[in-house]
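In what comes next, chain A is part of two complexes: it sits with chain B in the first one and with chain C in the second one.
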Partner chain A sequence: MLLLYLYISLFVLTVGTFFGGKYAKPYALIVTGLYFLIFLIYFISKFYTLNGVFNSMQSIPISSYYGFDFSLQLSGFSALLVLLSVAVTFIAVYISGTRYGKVFFGLEMLTMAGLVGLLLSANVLFFYIFWEVVLIPVYLLIGVFGKKNADSISLKFFVYTHIGSVLMLLSFFSLYTYQYENTGTFTMSISALLTPSLINSMPVFWRGFVFFGLFVAFLVKLPTFPLHSWLPDSYESAPYPVTIILAGALSIMGGFGLFGIMLPVISVVPASFSTVLIILGIVSLIYFSLAAMSQPSMKRMMAYASAAAMGFVTISFGTSALEIQNSVYSANYILDVTGGMYQILVHGLIMAFIFASLYYISRSTGKEMIGSLGGIFREAPILSAFLLAALLASLGLPGMAGFVAEFSVLAGIFPEVGMWIMLIIFAMLITASYHIWMAQRTLFGPYNENLGNISDSTPGSSVILTIIMMAIIILGVFPHYAFQLLSSYASGVI
Partner chain B sequence: MFFIAGYATLQYFVPELILGIAGFIILALGMFIVSRRLYAGVTFGSLAVAFIIELFFMNNPYSLFGGTILINNFGTYFALLFLISAMLITVPSIMNISHKPEIFYALLLFVTIGMLIAASSTNLIILFVAFEAVSTGTYVMSGFHKTDRTLEASTKYFFTGAVSTSIIVMGLSYYFEATGSFSITPQVISSNQAMLVALLLLMIGFGFKMAIFPMHQWAIDTYDGSENSVSAFLSTGSKLVAFMIMMRIFISGFSGEAYDYYLIFTILAIVTMTYGNLSALSQTNLKRLLAYSSIAQAGYLILVFSAAGFAQDNSLGNTLVYDAVAAGMIYSLVYIFMKGGAFLAMNLSPNPKVQISDLSGLAKKSPVAAISLSILLLSLAGIPFTGGFVSKLFLFLVLIEVKLWWLAVIAILNSAISVFYYLRVILVIYRGQPAEEFRITRLSTIPIVVCAIIVIALGVYFQLFQTLVGFASGLFGV
Partner chain C sequence: MDLSLVAWFVFLSPLIGFPLSYFAGLYRKNLSGLIASGSIAISLLLSLILYLGYTAPVHSSINWFYSFNYGVFIDPLSIAMVLMVSFVSLMIHLFAMYYMGKDPNRHVYFAETSLFTAGMLGLVLSSNLLEFFLFWEIVGLCSYLLIGFWFFKPNAASAAKKAFIVTRIGDMLFIIGLAILYSSLVAFYPDPLNIQYLITHASLVLAAIGSAKLTLVVLLFLGGAIGKSSQFPLHVWIPDAMEGPTTVSALIHAATMVTAGIYLIARLYPLYYMSGTDTLYLLAILGSFTAIFAGMIGLVVNDIKRILAYSTISQLGYMMAALGLFAVLQGSAVGFSMYHLFVHAFFKAMLFMSAGVILLAMMDLRDVRKMGGLWTRMPMTVSIMFIGSLTLAAIYPTAGYFSKDSIISASYLYMTSASQWYYALPWIFLTIGSFLTAAYTFRMFFLVALGKPRSELAAHAKDPSIYALLPLIALAVLSLTYGLFQNDFLTFLGGSYTITVPPYIEYLPIILAAIAIVVTFFIYSGSRWERMNLAKSRLYSVVKNKFYLDKLYTDVIAERVILPLSSSFASIEEDYNSGIERIGRGSLDFGTFLRKLQSGVVESYFTLIILASAVVFIIAIVLGVF
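What follows is the complex of A and B.
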């Protein structure tokens, strides 16, 4: 029951932030920091054998007749993502100015609590509940604290994600209904509803409906090509801490939906759906990279970069579904799936790094547009070095964590996509080029004298950025533990 | 001997007697002292005493007057709800009712007596008389203050109400023609055309009071025009009386015509909730927005009839009918607090015609009121961890349980639409500078805070449903 108590206490402490007054920020920092350590110790104790399959099911019964209870489960994948989301929230809280007030911190913490609940939930009902618990605070964070047009942008964000979440709820309810038709009892546990046998017993239309609903919900959050238009606006309009939460923590929701919820049924995903996923993934990669290249604002460019990186996740899920159904060697699809999950994990970290360093740069220069910066390496070498490191990590430089993920995905998908892999390589080239180009235009070259004197990194910002950078490098140079955990989860579930 | 036996039955009417005596005391006090606070105190006290008596002493099933009055957990539950809805508006109405307050509070008590009698009656004549007592009282209440707005509200309400009354009476006569009795008991079944006419007429008559789609237009203007606390009362207590009577009449009395009432209510539910939600989307007047949302909520409420009717028609067993009734019961409870609280929150603005923009920047003036109002609106939208979510969840689960899950899909999509207009209000509350004046007093904030706390409490108390399933059998007799 330890996990349950941990989670409930986290939730209660989170709500406490709203009553924190002017101590809300230190309070939130202490709670997130403390819980990061507690979760770390707890997860190490659970997973020291590196066996990442579900090893914990704890529940409080609520309505046994309708089959739902407050139950939590833990897998290697969700454990890593819980650590990520708590850490990203810590970073976001750390860089939030106290001027935002207690409600801001409360909403940030509530987002984290919802996200952790979503990752741990073993029950589709609570999965949906926490999905909503994440959406509403983020909607308010963008809408209330955002910059220009924040109300319409936040509404756009909400419309997209809410349509997704309603479709997801309808999918869950159709699974629930057919499960009841088959067995005569109600259950809402994820492990009972998302099974290949249940889905195979459904009529073709409803099978398609279930997959359609789930895919739309998760692809909106990733986001993937046609469902992305909320993303650049929201990332740009939100204040930096919220952007960090959006890019670092919220982007894992879609990925977790695919690999944490739908992985058990990956073998029955209709082949047409998987093909569409692969195509959408490749299109997203190329389209978002090209779109990023033409952005004048650094924040918007990195928003597109974030979306492009998630293209790997979509591709990885689609290809591994096809590989499993076409009985390719299991080593291939395990590598593929693990690469996709690893990408979700490191993408959150890298994006937190990027937006945190962008925040510090915009704090010292007051500028966000690429054109209004230039050569700031001369005045602020340390900050520039951090941003450069972040950009290199984002483009997938070997030695950084992103490379491990992208390489595994590429190696894993080859049997299925064949020579089309060249398209992905092409997209990676574009990715590398616009990252470098941005570094060249902002950090190097002649100093833009309009900026005047700018201050360099403060000790506080250096410490936090160094910690994130170290984490990225460690995950890149020595990915063994995390990678092994994910791959044992993947092979255990499939 | 007969006198003594009659005396003994009085113990079952102690709550009504207390309320009646208190009402006359207030009227008498009105001749000597003019103090709104005193009247409100007496009203609240008597309602609270009646509440306690109902809660602790009215649990034993008992049948009176040859079965026309039936005391059991189902009726008592609704009696408690009506008492709550009256108590909720007693104190906040001090703010608005300045002209002849004694009449207002006495009326409130008399209306509540009608509600309590309706809650325990299983005879159509008694139900009708009790219902008329409620209607007549609320006509006056909605016209209180005699300004142009309230008079318009009251007039519209009165005329549609009078028409609906005559339709109800006509329906009753057809019911009597078909069954030879005015008592609502499941065994009084005969499938003839008179029964169908009665079904239609009763549905229309009570549908007026519940404000379901084609009979809703008065509600918009009346909720908009009346005093805030009266709107709160009309959209909670008065609407739920009609809902409870309809549950008694249709689920119990018309169980032989289950297919017919299933069909009618399913169509009406779909149309009502879609119409309410779509109309609310474009409103800028906050009270009208709440009025439309209250129509949409009525649409969700009558899904109970679809589920119950479908279960009865396909002989799916009584358990499913009880589940449907219990879903309606839990929805009613949550609905009182979220809707009543939201209407009472209109007291925060001094304007009689509250626009959404009037609440701009409320969060900076009074964070507590802003958070509480947000919770209430989120609950109306059905967002998790609020009572609104729990009640909608059980409603949808019941629909799935009777295999009407396409209807659940429509309801879920509707509830997804509704989120947008509630969130629009919430955003306005938190954004912007407080341009307008607010009336932030204890009277205007405490009721909202209390409602918000109760809504949250109901949102985590899932077990309530199982208790209510046990009460639901009371609908069909002792």
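What follows is the complex of A and C.
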């Protein structure tokens, strides 16, 4: 029951932030920092054997006849994502100015609590509820604290995600009813509803309906082309701490939906769906990379970079579904799946790194348009070095965590995509080009004297950026533990 | 002593030196150069221990992640290469303490060059191709950072970008090759990227994945090598990379990093000859074409460092071509290629450093037309440059003669080994190449050394102190004497091979080189060249514009294809976004309903959610009834 108590206490403490007054920020920092450590120790105690399959089920029954209970489960994958969400929230809280006030911190914390609940939830209804719980504070954070057009942008974010989640709920309920028809008892447990046998027992239409609903919900959150148009606006309009939460923590929702919820039924995903996923993933990669290249604002460019990176996740899921059904050698698809999950994990960290360094640069220069910067390496070398490191991490340089994920996906998908892999390579080249081009235009070259005197990194910002960078490098140079946890989860579930 | 442990510290030592030299440099700038050089001296010492203690190949590796391992692989090829890399890098670091001695950011410079050296040594010793790729990218990153070391120069910033993106093209091909090799071979062998397995069981690999796929994989690896070793058509980044400090050009863009591509092919050579004669012919023709192609451009460039850069491309072409001569040389093709790689590293590093000394005196004015008469003013430096030029032009008895002419002779045998006409092309290209090499080298040298000074700076140039030149002298001695060790070198790399060709073939390249020197002396030692008007010649303008290849890449592909494509995608994206918004607002009833949401009243959001969930729930129940 420890996990349950941990989660409930986290939720209660989170709500406490709203009453924190002017101490809201230190309070939120202490809570997130503390819970990061507690979760870390708890997860190490659970997973020190690096066996990442589901290992605990703890529940409070609410209505046992309808199978409705508050129950939590934990897998190697969700454990890593819980750590990521708490850490990203810590970063976001750390860089938020106290001037935002207690409500801002409270909403940030509430997002995290919802996200952790979503990751741990073992019950489809609570999964759905947490999905919405995450949505509302972010909607408010963008709408109330965002810049220009924040109202309509936050509404777009809300409506988009909401359409997805409605479809997801419908899918869950069709599973729920068919489960009842098959067995005569109600259950809402994820592990009982999402099984290949249940899905195989459904008529073809409903099978397609279930997958359609789930995929739309998750692809909206990833996001995948063409369901993405909430993303660039929300990322750009939101204040930096919220962008960090959006890009670093919320972006895992879609990926967790695919790999955390749907992995057990990957073997029965209809081949047409998988093919569409692969195509959408490749199109997303190319489309977002090319669209990113022409963006005049650094923040918007990185928003597209984030969306493009998620293309790997979609491709990975689609190809591994096909590989499993075509019985390709298992080392291939396990690598493929694990690469996709690793991408979800490290993408969050890398995006947190990018947006945190962009935040400090925009704080010190007051600018976020690429054209209005230039040569800031001369005046702010440390900050520029951090941004450069973040850009290199984002373009997938070996030694940084992104490379491990991208290479695993590339090596895993080849049996299915064949020489179409060249399209992915083209997108990766474009990705490298615009990252490096942006570095050239903002960091290098002659100093833009219009900027006047700008300040370099403060010790506080250096510390947090160094910690994120070290985490990315450690996950890139010594990926073994995290990777092993994920791959044993994958091979255990499939 | 365990050799694998020694090998680990060969590259760990400069890796530890990397942060040390940076942080020490924050307190005392001059300390950073000492620490970096010291850490590389340790590497050199450990490489010598490897060389002396070597008995049989050692492969030791640890699990990295999934089924990928990392570790060290010691065999004659890697030992020879670490010796060269650590020695040349040490010489260049010692010289850099003089050359970069006044730069305010020299601690950054030395930190980056030690990281580079660590990456290069790690690449050479890698036991696994994925680890190899990791180091391959680390050296690429250092090259990017060091080309842009003087980041405030717009040229340097854009050259750094160009180098990164162009080599990235090759790197991406390489990574696809790795992915294909891994996914095709993993069902047969659990550790498919293990270098030792790949080279000792090349025939098994061929049997397992089939000839077509193997050829595809090695061609993709070749793509990586073309990017890194700047072969045609991805050679365009090296001349621009000359915007970096001259010691960087010497270290990265002449002696070590650009040879990594050649090393990759030499490392995996069994896979190449297993994949068939066409692949090997491709190596030969690609290398020999690059040799003559870059040599021609080298003839018309006026920037002293760019002349050397084109010369580097051309000489790398010789190494690549040597690797293609498997039909004649068998396995010792690697030895011939590596031998030229070594000799080239010695004399090209020396040439670059002597150019660096001259550029210090010339206040970084790199135009050879503004120099002249420097031999009397800087006798030491220019004499060293003379030795370098002789070696580059492969004049007997310098080491260049032994390394380059044996490749040309071998290519003659290659021509006679087959009846098809196109087997003659490598020999023809390489022979013309030897004429071009001597011509561009001595054009540069005579313009620098002889005649009257053609600028104030040249008139007042002076030699630096002898201590600064000591590393150059060491390399000059090697350039002159290394020819003696050709056979030992080849034997160490596994099998020497005596090439016997008719004497007129053997002496043809040196005769051509001598003619080239005489002709260039006639034109460039005095002021005759100033009266030549080449601008009207169409051939001249084509060569002067680098065969329009740079223009094709930047003006056509980048600016007419990629950027318009990107901006059209961005505008499609904008239209799409506003279209979505219009759908959202357009439908009146729904729209007004949604607009109420913007009231900012929290309660209404919750109400909406609950209502929506209720509706959905009802729908679901209705659906469930069916």
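A few comments on the model shown:
Note that the second predicted complex is superposed on the first by the 494 of 494 C-alpha atoms of A that agree within 3 Å, B and C clash if a C-alpha of one lies under 4 Å from a C-alpha of the other, contacts with A are read in each partner's own complex, and residues count from 1 in each chain.
Just so we're on the same page, a contact is a pair of C-beta atoms (placed from the backbone, for glycine too) under 8 Å apart; a residue touches a chain by one contact, two chains touch by 3 or more.
All of these numbers come straight from a predicted model, not from anything done at the bench.
When the two complexes are overlaid on their common chain A, residue A:Leu155 makes contact with chain B and with chain C alike.
In the superposition on chain A, contact of A:Ile30 is made with neither chain B nor chain C.
Of the two partner chains placed by the overlay, neither chain B nor chain C lies in contact with A:Leu4.
Touch criterion met: A:Tyr66 reaches chain B, while chain C stays clear of it. In the superposed three-chain model, the partner touching more residues of chain A is C, compared with the other of chain B and chain C. Of the two partner chains, chain C is the only one that A:Ile421 touches; chain B does not reach it. Residue contacts after overlaying the shared chain place A:Tyr139 against chain B and chain C alike. When the shared chain is aligned, chain B comes close enough to touch A:Ile163, but chain C does not. When the two structures are aligned on the shared chain, A:Pro226 is found in touch with chain C, with no touch to chain B. Residue contacts after overlaying the shared chain place A:Ser174 against chain B and chain C alike.
Across the two superposed structures, the residue set of chain A contacted by chain B and also by chain C is 132, 136, 139-140, 143-144, 151, 155, 158-159, 162, 166, 169-170, 173-174, 176-177, 180.
Only residues 132, 136, 139-140, 143-144, 151-152, 155-156, 158-159, 162, 166, 169-170, 173-174, 176-177, 180, 226, 229, 232-233, 287, 290-291, 293-295, 329, 331-332, 335, 338, 375, 377-378, 392, 397-399, 403-404, 407-408, 410-412, 414-415, 421-422, 425, 428-430, 432-434, 436-437, 439-440, 443-447, 479-480, 483-484, 487 of chain A touch chain C when the two sit together in their complex.
Interface of chain A with chain B (complex): residues 18, 62-63, 65-66, 103, 125, 128-130, 132-133, 136, 139-140, 143-144, 150-151, 154-155, 158-159, 162-163, 166, 169-170, 173-174, 176-177, 180, 186. Listing the residues of chain C that touch chain A in their complex gives 63-67, 130, 133-134, 136-138, 141, 144, 148, 151-154, 156-158, 160-161, 164-165, 168-169, 172-173, 175-176, 178-180, 182-184, 186-187, 190, 562-563, 565-567, 569-570, 572-573, 576-577, 580-581, 584, 594, 597-598, 600, 602, 605-606, 609, 612-613, 616-617, 619-621, 623-624.
On chain B, the positions that touch chain A within their shared complex are 363, 367, 371, 378, 383-385, 389, 393-394, 396-397, 400-401, 403, 405, 408-409, 412-413, 416, 419-420, 423-424, 426-427, 430-431, 462-463, 465-466.
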